[in-house]
Structures are given as C-alpha cells and as structure tokens.
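Please find the structures below.
Next come two complexes built around chain A: one with chain B, the other with chain C.
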Partner chain A sequence: MNERTLSYALLVPAFVIVIATTIYPLAYSFVTSFREWDLTKQLRPSGFVGLQNYAHAATESGFQNSLWVTAIFVVTSVILTVVLAMSLALLLRRTGRLHTFTRIILILPFAMSPALIGVSYRFMFNPEFGVLAKGLGAVFPALEGTPWLANPDLAMAILVITDVWHWAPYMTFMCLGGLASVPRETEEAARIDGASNLRIVFGIILPQMKGVLLVTAVLKTIFALKMFDQVVTLTGGGPGTSTETMAFFIFNVGFEWFDMGYASALAWILTIITMVISAWYVRMLLSERKMATA
Partner chain B sequence: MAEVRLVDIEKKYGSFLAVPQQSLTIEDGEFLVLLGPSGCGKTTTMRMIAGLEDITAGDIQIAGERVNDKPPKDRDIAMVFQNYGLYPHMTVRQNIEYPLKLRKVNKAERARRVQDTADKVELGTLLDRRPSELSGGQRQRVALARAIVRTPKIFLMDEPLSNLDAKLRVTMRAELKHLHHELGVTTVYVTHDQMEAMTLADRVAVMREGRIVQLDTPKRIYSDPADLFVAGFIGSPSMNLIDGAVQDGRFIAEGMDLPVSLPDRDEVVFGIRPEDLELADGDTPIKGRLYALELTGESTLVTMRAGKTSVCARGHADFEAPINAPCHLAPKTGARFYLFDRATGQRLDG
Partner chain C sequence: MNKYIAYWGERALLVLISVVVLFPIGWMFLTAFKKPRDAYSLSLNFEPTVQNFVTVFSDPWNLGSMVLNSVIVAGATVAIAVPCASLAAYSFSRFRVRGRKFLFFLILSTQFIPAVVILLPFFLMFRSLGLLDTRVALIIVNLAIVTPFVIWMIKGFIDAIPTDSEEAAMIDGASRLRVIKDIVLPMAAPGILTSSIFCFILTWNEFMFALILSRRDAVTLPVGLVSFRTERGDLWELMSAAGVMITVPIFIMALLIQKHFTRGMTAGAVK
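Presenting the complex of A and B:
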C-alpha cells in the first residue's frame, strides 16, 4: 500500500462512524416521516402513508400552536440577546480592572447548563418562597403574589429572559471580538469630524459590525429554534400549551403520544425551517462581505 | 487659520511620562513637522492638540483661545491618520461629505464642495467607490479630501505617507506642499522620515523621548544641529560621527588627525557630513582601507575603515577601486566640522 492509499484507508473508520451516527439516523427519520408508526402498537414502522404526516401538520392545532410559540420565542430572544450583547460589548470594550473583572464574571451564566437554569429560575419565581418573586414583591408591592409561571404571557417572558440571560454573555464576547477589529481611527476621525457619541455608535461602529452581528444572530436563531431544556425544567410547556416550543412539542408527540411517524415529519419541518432561515442569513452575510471587500 | 500654542504641556500614561513639560508655538499658516524616532511622542503630541488625548498638565491654545476642555469637534481641526481612518462602509463621496453633513451644511452646497475638493485631489471619477476598492495612494487622497473639505483652522497629519511606496511618497509630498501653499492652513505634520521633514517643513521640531531637542528651519537643522542626536538623525547618509580626543589643537582617532579649534579634552565626537569629504591622494588627514562602495546613481558612497573608525564619503559616480585598497579622504575646502561631548551629546564648537 502506498502512502496515499494508506492515508485514505486510515480515514475509513472516521468516515464510517460519521455516516453511522449522523447520516443513517437522518435518513431513517426522513423515511419514517412518510410512514405510519405508532409505538404503542408496533415496534417497527408499518406502511407508507405518503405525505399524510406532513398534511396532518398543516392542520393539527398542537403543532400550529408550537409554531407560533417558537416564532415569538425566536424573534424576542434573538433581538433581545443581540441588542444586549452589543450594548454590553460597547460598555466593556475599554480596558481597566473593573472591565476585566466584569468580563470574567460574564462567563458564569453561559457556563450553567440550560436545564439547571430552568430549575433554578422555577424556584426563584415561585410565588410562595422564590427569591425573585419575593424580592420583586418587596420592591413593587403591586407585584406581590403574582403567579409568575402560571400566567401564559409572564411564563413566556420568563422563558425569554432566562434564555437571554444565558446567551447574552457569550454573544457579548463575540461582539467584543468584532469591536476589536473596528479600526479605532474611524471612530476618532468621526469624533473630529463632529459626530456625537450616539452617532458614532450608530453611524460608524455598528455599520462596521454588520457581519459579526449577523453571525451572532444566525447562531442565536438556530439555538432558539431548538429551545428545549429550559422549557422542560422551567415551564413544562405550560401553563396550558403557552410555552410549548416546536422541539418540546415534537418530543411530546414522539415520546408521550408515541406517534413516531408524525414526530419525524415535524422534526424534518423544523430542520427545513432552520435551513431556510440560515440560508437567508448566509445570503445577507455574503452580500455584506461583498460590500465590505469588493 | 490660526496659531497653535502649547504651553508646558505634559502627558503621562499612568506613571509613564510620554511628553514632559513641552512648549511650542506653531505660527499662523506655518507647516511644522514633528520629527523623531519611533516612540518619541510625536503622535501623542498631535493627539493632544486634536483633543483625542487628555493632557495631564499645561495649556493648549488655538487662535488665542484655551481649548484644553474642548472636545475635538469644537477645536476646528482636521486630521489625517496614519492608516487613513476612512469609513469603510461609506463611498468616497460619503466619506468626504461626512464632516459637512455633521455640520449641517445644506445638500446643494455639500455636493458642490465635495466635487470641488475631489477635483482638487484628483478623485473626481472615483466618488462612488468604496475605500476597499481604492489603491493606497487613492485612499490617502480621500483622507486628505475629507480633511480639507471643510477648511478647518488646523491640519494635523500623522505620518500620512508612511503606507505608500517610495515613488508615490515623493509624488504625494509635492502634492501636499502645493496644497499647503494653496490653502495656507496651519499644519502640524508628524513623520520619522527626515527626508519628508526637510522637504515639507517651514520649521522642524526634532523630538527625542518626549522632548523637543531642536526647533528650527530645515536648513539650520541640517547645517547647525543642536546636539549629537540631531546631527546623527538628519541627513542621508547620516553624518560621520567619530569617537576620539582633542590633543594640542588636533582631533585624533584611529586613521584620523585633523586640526580643530578646541582646547584639549577626551571623549569627543567629531562630525562631518559625507558631502563634505572628498577622495584625495597622498598624505590626507583621514586614511584607511576601502570597506564598501555603493553606487546611488548620481554619486558613489565610499565607506572607509581604519580600526574602529568608519567614515563615509560621497564620491564621484565613476569612482572605482578594489575593496581593501588604501583609501585617502580629505575635507573639501569650506567643509564644516562639528564637535560634540560624547557623554552629554552637547555641541562643543560654535
């Protein structure tokens, strides 16, 4: 065996493992999405039903609800995370002991597992003994006794807030990286040209950050579309179905209702939505690149 | 147009003293060059004038008015940065227009002035490009255009030509000079290129470790350097500086024996410019062996060595001799000598 064939041969195990662990389940779930498979009745998928599972998704109210919940969650959490991360980055950009210290403690929220965040916030918002619920009640008496997680809108708001709390620090680091590559001279030139601080941020710095902001937005969108852990541990999808995100709903369909065919179809719908949105971002990113470097 | 007056200004970064107690007056309409080696505080001084850097002590006055506490935009200055500082997301037109826009100049007037300025620096046809689509020299001109479009009181330029290739630098130098003549705006120009300083300046301030060691016209900086540092910094090739001693009215070093008018002392540095030396025959005061020959086109640089002594002379372009051949140099008639104290760098003569 010469060196070249050997090097290919050595790649084979890795290749096989990748195929077995990603391509195979993907393909299997894709095929399953066109079959009927009720886990309570049989252990193996039964007959093909064509697009029936997909057609069902178009009208079934549980899925419709989860689409809507996910849309609200994605839009609010992405916007809030990116805005907060960018603002924090602008504040933390200067060097100094306090800034460095703040940067370090910013890592903490991101280091926490989402499931743990859900559990701890669930306790903190408990109207009987939660620290946050009690604290808010003490500062604003009107909020005393608010059933935070029992109100659909508040539950959604808390879900969004905990997610922003989790992700904003990480995105702040991405923005700090982006800010470091904005030449200081452009900002100083603007200051001499007569721009106010606000104008410098919006007219000079942010336009140069477009690429970085787009990348953070794509990443955050993808993660938000897959929102699952915190839903399980914080709200359990409730009250009612008000915080049932797509990932959570798909899990229920598959492992509570045991309708694997339908769950596979929904999973593929989620995948396609994610891909379409990502492709749209990438297109924006490419045209942005073209403008910056052409 | 205005005079700039720096009174005892000082800049500390933490405990590091970048510019200690420095005073300097830049006359109305003058082209003043701050010249010095890297890290000597040129940029810091300029940034203090611009207001981009706070001063730790002292006063800055522009046109007779104290501006210490004024933000950059109220000082009526324009600055050209070393890396241009162009706005990458704006077209050339928008870049030039930006200062006018911020100063609420109306649209028609803006368009007219942008066009005028662009024509002045020959950018007229590139207005709709972005900075990334321009060459270095073109970007340089955009930065210039953005600075001159609103006719400020003062121009500050921080090594604006340092990113250009040698040829373009010479062209742009002439353009800058012409522009200054045309606009007559007080200009402070930072460079570490002594050639640039000599050709552009009305006056040169030579800086070292935050201090201005000499402030004078280029001619006098060249012919009458204040100390050893200035003498070695100005001129290309630089002045020959030879360590030796004065005994009985003669400067003595390895391979050198010259009459000088100075009382006896040790630790003396003797200076003479390569232009003031010529190749000669016989018993010359400077003798050694030929070390290197460099043809520069219009002349040949002849380097001679004798022990530790190394002397460079500008000879005729046709001069040729084998390396290590005996070499005899003599001062031309009317040549200037300079004598410095080796320890302090002080001039000992004149």
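Presenting the complex of A and C:
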C-alpha cells in the first residue's frame, strides 16, 4: 500500500463512526424539523410543513422562557468559572505541600457524574435535614428554614454553583497549563522594580493569558449551553419553569409531548446558537493570535 | 508582619478550597454508611453500617446489573473509539492529506453540537430497529460523543512525538505500518492510555442518552440514581451508597492520570 492510500485508509474507521453517529443523525433531525410528527398520533412522519415548527418557536412562551433561563445560566456560570479558575491557577502555581494536595484533589469534581452532583446538592440543600441548609441556618439565623430549591432565584443560583463546582477545577488545570508557558523573566524584573502583586497579575500575566482564557471561555460556554443533567436531578426544571434550560425543554418537548418535528426544530435552533457563539469566539481568538505574532 | 499574613492567608485559602471540593463528596460517603434514621440527622456520631450497600445490590434495586451495564457500555465504547481514533490521529498528525484541515475541522466542530439534537433521531431510529433499552444502542450514541474528542486528544500527544526515529526507521526500509506499530504506538502509549481513561469517564457519567434510551435492561449507574426517588420520597442513604459505587472507580482512574490530565487537551486547544 502506498503512503497516499494509507493516509486515507487510516482515516476511514474514525470517519465511518463520525458519519454514522453524528452526521447522519444531524441530517435526519434537520429533515424532521420541517415536518409535522406527533408521535402520540402517528408512527411515521406526515408531510412537510415548511418553516411552521420554527415559526411556532418564535411565539411559544415555554421556549422563550428556556432561552432566557439558558442565557442567565450561561453568562453567570461562564464568568464565575473562568474568574475562579484563573484565580485558583494563580494561587496553585506556587510550590508547596498544601498546593500539591489541592491540585491533586481538584481532579475529583470533574470526574464526578454531573447527575450525581445534582443529587448530592439536592440532599445538602434540603430545608429539613440538608447539611448546608441547616449549617447556613445555624450560622445565619435569618436563613433558617429557607426553602432553597423552592425559590426560583435560589434554585438558579444553586444550579450555577453545582456547575461551577464541576467545571472550575478542570478549567483551573487549563489555566495552569497556560501559566506554565508564560515566561517568568518579565515578571521577576517587574518584581525587582517594586511592582505590586496586583500590577504584576493585571499588567503582565493576564495579558499573556488572553488566548488561554478565551479557549476556556469557549469550552465552558459550549458546555453551559448543553446544561441538562443537574437540571433533571437537582431542580427538575422548577420551581415552575424557572430552571428549564433549552436542552431540558427540548428534551421535554421530545419525550413528554412526543412532538418530534417541533423538538427537532428547537434542537436545531440551539445548535445554530452554539455554532454562532463558537464562531464568534474563534474569530476573537484568531485576531488575538495575529496581534500576538505581529 | 505583612509577609506573615500573606503566608497564612494563602494556606487558609488553600484549606478552604480543599474543604469546598471535598465536603460534598465526603458527606455523600458518610451518608452511604449511615442507617436510614441517621441519614436524616446531621450527627457525625453514628454507628457505621454497610446495610445500604447490601440493600442497593438486592431486589428491587439490583445495582449489580447497572454496574455491569456501565462497565460494558463504557468498556466497549473505549475499545472501539480509541483504536479508530488513534489511527485517524496519526494520519492527521503525519500526512499532508488533501483537505486535511477541513476534515479535522469537521471532526472538531461535531463537538460543538448539543447532544439533544442527535438524541431525537437516535431515539426514532432505535425504536424502529427495536434497539431501545439495549447496551448496543448506548455504545453507539456514546461513540458519537467521545470519538471526535479522542481524535483531538491523541493527535495532541502524537504531535508532541518527534518524527526523527520514524524517518530513520523508514530509511532503513521499515514499512509505515511497522513504524506505527513498533515506534509510534509505544511512544504514544501514555497519551493513549490517558485518552482512554478520559473517554471511559465521559461514557461512565453520560446521563441524557441513557435516561431516554434505557428503561429496564440497559440502565446505567447515573440513570439508576433517579430510581431512588420513590413515592416515599428520596431515599438518600441508598442514593449515597449508589453514588459511592459510581464515584470510586472513576476517582481511582482520575487520580491515576492526574499528571497528564490536561496536557493533551490544552496542547490541542492552545496551539
């Protein structure tokens, strides 16, 4: 076998998998998104209805609500995660036993199943016997008896906390990786000149970390847009519809209402939103890199 | 004085971070060993019991079959995805294939797709093929999630291996396949192992697909958690015992690869 044939042959198995498990289903749901298909009434899809499913999304309140919920969730969780991860990385890049210990255990939240994280936070915030609900009540008597997960804003806050707890440690490793490639010389020179720690961080380190921070932000945004697991196990979308993220809402349209056409259209809207945001980040990243090499 | 505050402040902060990380995990482990009565109190003074583990492994919970499902699904996904991805990663790393950039971008961009968009068609396809509630179905969908990711990770590791020894061996007349088998594979082994464990963790924790594609026979551990929500309320001590079963194997694996953990990913991402 010559080199050229081999170079393609090596790609074949992986591409067979990707085409069969991603490209084909994507095409399938794209086609379905233009059809009327209520699974409770018909086993096979009926005719095409043009953009009707998409038009429905523009006016339907449940979907509008999930857009809003997702927007709040994405913005808060991305900002908190990136800021926290960068701060942790600055703290953890030094050497020391306690530093090493903390770095090692930081792997655990990432490895924990998100569904289980949701379950365990639900347990800890149970107003009757949850350890965090009781503990906070003991320290701040005003909080005693707060129905944490029954309050829309608090439920959203706890949902964000579980997600930050899950992802910030992982993103810390990414930031640590980035910090390792920032040359130490400028920093040390500035220190000798008597620059304060804050000035060193904001004036010297962070500007060089822009690329890494952007990558972290893109990844976190993509993950946050898909938020589903903890919604199911922590809040169930409630109270009311206050934590119904898009992925959760689409899931319900598909598997509670069995409206396949509408669910497919919504899923495609989410996909397009994700693509647009990713493309925007990638553009920022590329212009950032051009500036860095110029 | 200032230095003193900075020194102890930094240590106090590190301890606080460790507590925030370990507390939810530790509380779950404690609860798993509590009697039902103690699980609903905050007392640390309790008589530990393994009864919860006995209960979850017997009727009607049968956690054993869920463990088996999770092991088979995650194991098979790794066994299929990693070899295929390694070959593709090598090709992407070493050959100037026409349209290589486009193909690689195509693979990567599938990572941006929200899983729910492929869940709907998979549900419909598996329903008409009679594959709902089977492990095969779960393996197929998990391949969709992990394959592009593993290609990206392993390519990062292979990129970091210098090509000199490969070229030398080929000048000596070794074939490309032989070079891959005898030179590249051994050198990439730590990276491939790291990627495999990563892939195993992702599959093991996968929730959305398993929630809808399994009902009784193919239920995996994360979905099994939901079944401890009963008419009598949430059975926290049993959920915690199941939680311990989910986390322990994964924690061990994660700690094993801790050192290499983000190298592959950051290398690929930052380049």
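Simple rule for what comes next: the second predicted complex is superposed on the first by the 275 of 294 C-alpha atoms of A that agree within 3 Å, B and C clash if a C-alpha of one lies under 4 Å from a C-alpha of the other, contacts with A are read in each partner's own complex, and residues count from 1 in each chain.
The definition used in the following text is that contacts are C-beta pairs under 8 Å (C-beta built on N, C-alpha and C of every residue); 3 or more make two chains touch, one makes a residue touch a chain.
Since the model is a prediction, treat every value here as computed from it, not as a measurement.
After superposition onto chain A, the partners chain B and chain C occupy separate space and fit alongside each other. Applying the stated contact rule after C-alpha superposition, one finds that A:I161 touches neither chain B nor chain C. Of the two partner chains placed by superposition, only chain C is touched by A:A14; chain B is not. When the shared chain is aligned, no partner comes close enough to touch A:L136: not chain B, not chain C.
The superposition-derived angle at chain A (between chain B and chain C) is 80°, Cα centres, a multiple of 10. When the two complexes are overlaid on their common chain A, residue A:Q208 makes contact with chain B while staying clear of chain C. By the touch criterion defined above, A:V119 lies against chain C but remains apart from chain B after alignment on the C-alpha atoms of chain A. Between chain B and chain C, it is C that contacts the larger number of residues in chain A.
With the two structures overlaid on their shared chain A, chain B and chain C come no closer than 11 Å at the level of C-alpha atoms.
Within the complex formed with chain A, the residues of chain B that make contact are 50-52, 71-73, 77-79, 81-89, 98-99, 102-103, 130, 132-133, 146. Chain contact summary for the complex, chain C toward chain A: residues 10-11, 13-15, 17-18, 20-22, 24-25, 27-28, 31, 39-42, 80-81, 83-85, 87-88, 90-92, 94-95, 97, 103, 106-107, 109-125, 140-141, 143-144, 147-148, 151, 176-177, 201, 204-205, 207-208, 211-212, 221-223, 225-226, 234, 236, 239-240, 243, 246-247, 250-251, 253-255, 258, 261-263, 265-267, 269-270. Chain A contributes residues 1, 3, 6-8, 10-11, 13-15, 17-18, 20-26, 28-29, 32, 88, 91, 94, 98-99, 101-102, 104-117, 119-124, 128-129, 131, 134-135, 165, 169-170, 173-174, 176-178, 181, 211-212, 215, 219, 222, 225-226, 228-229, 232-233, 246-247, 250-251, 254-255, 260, 263-264, 267-268, 270-271, 274-275, 278 to its touches with chain C in the complex. Those residues of chain A that touch chain B in the complex are listed here as 183, 185-186, 188-195, 199, 204, 207-208, 210, 291-294.
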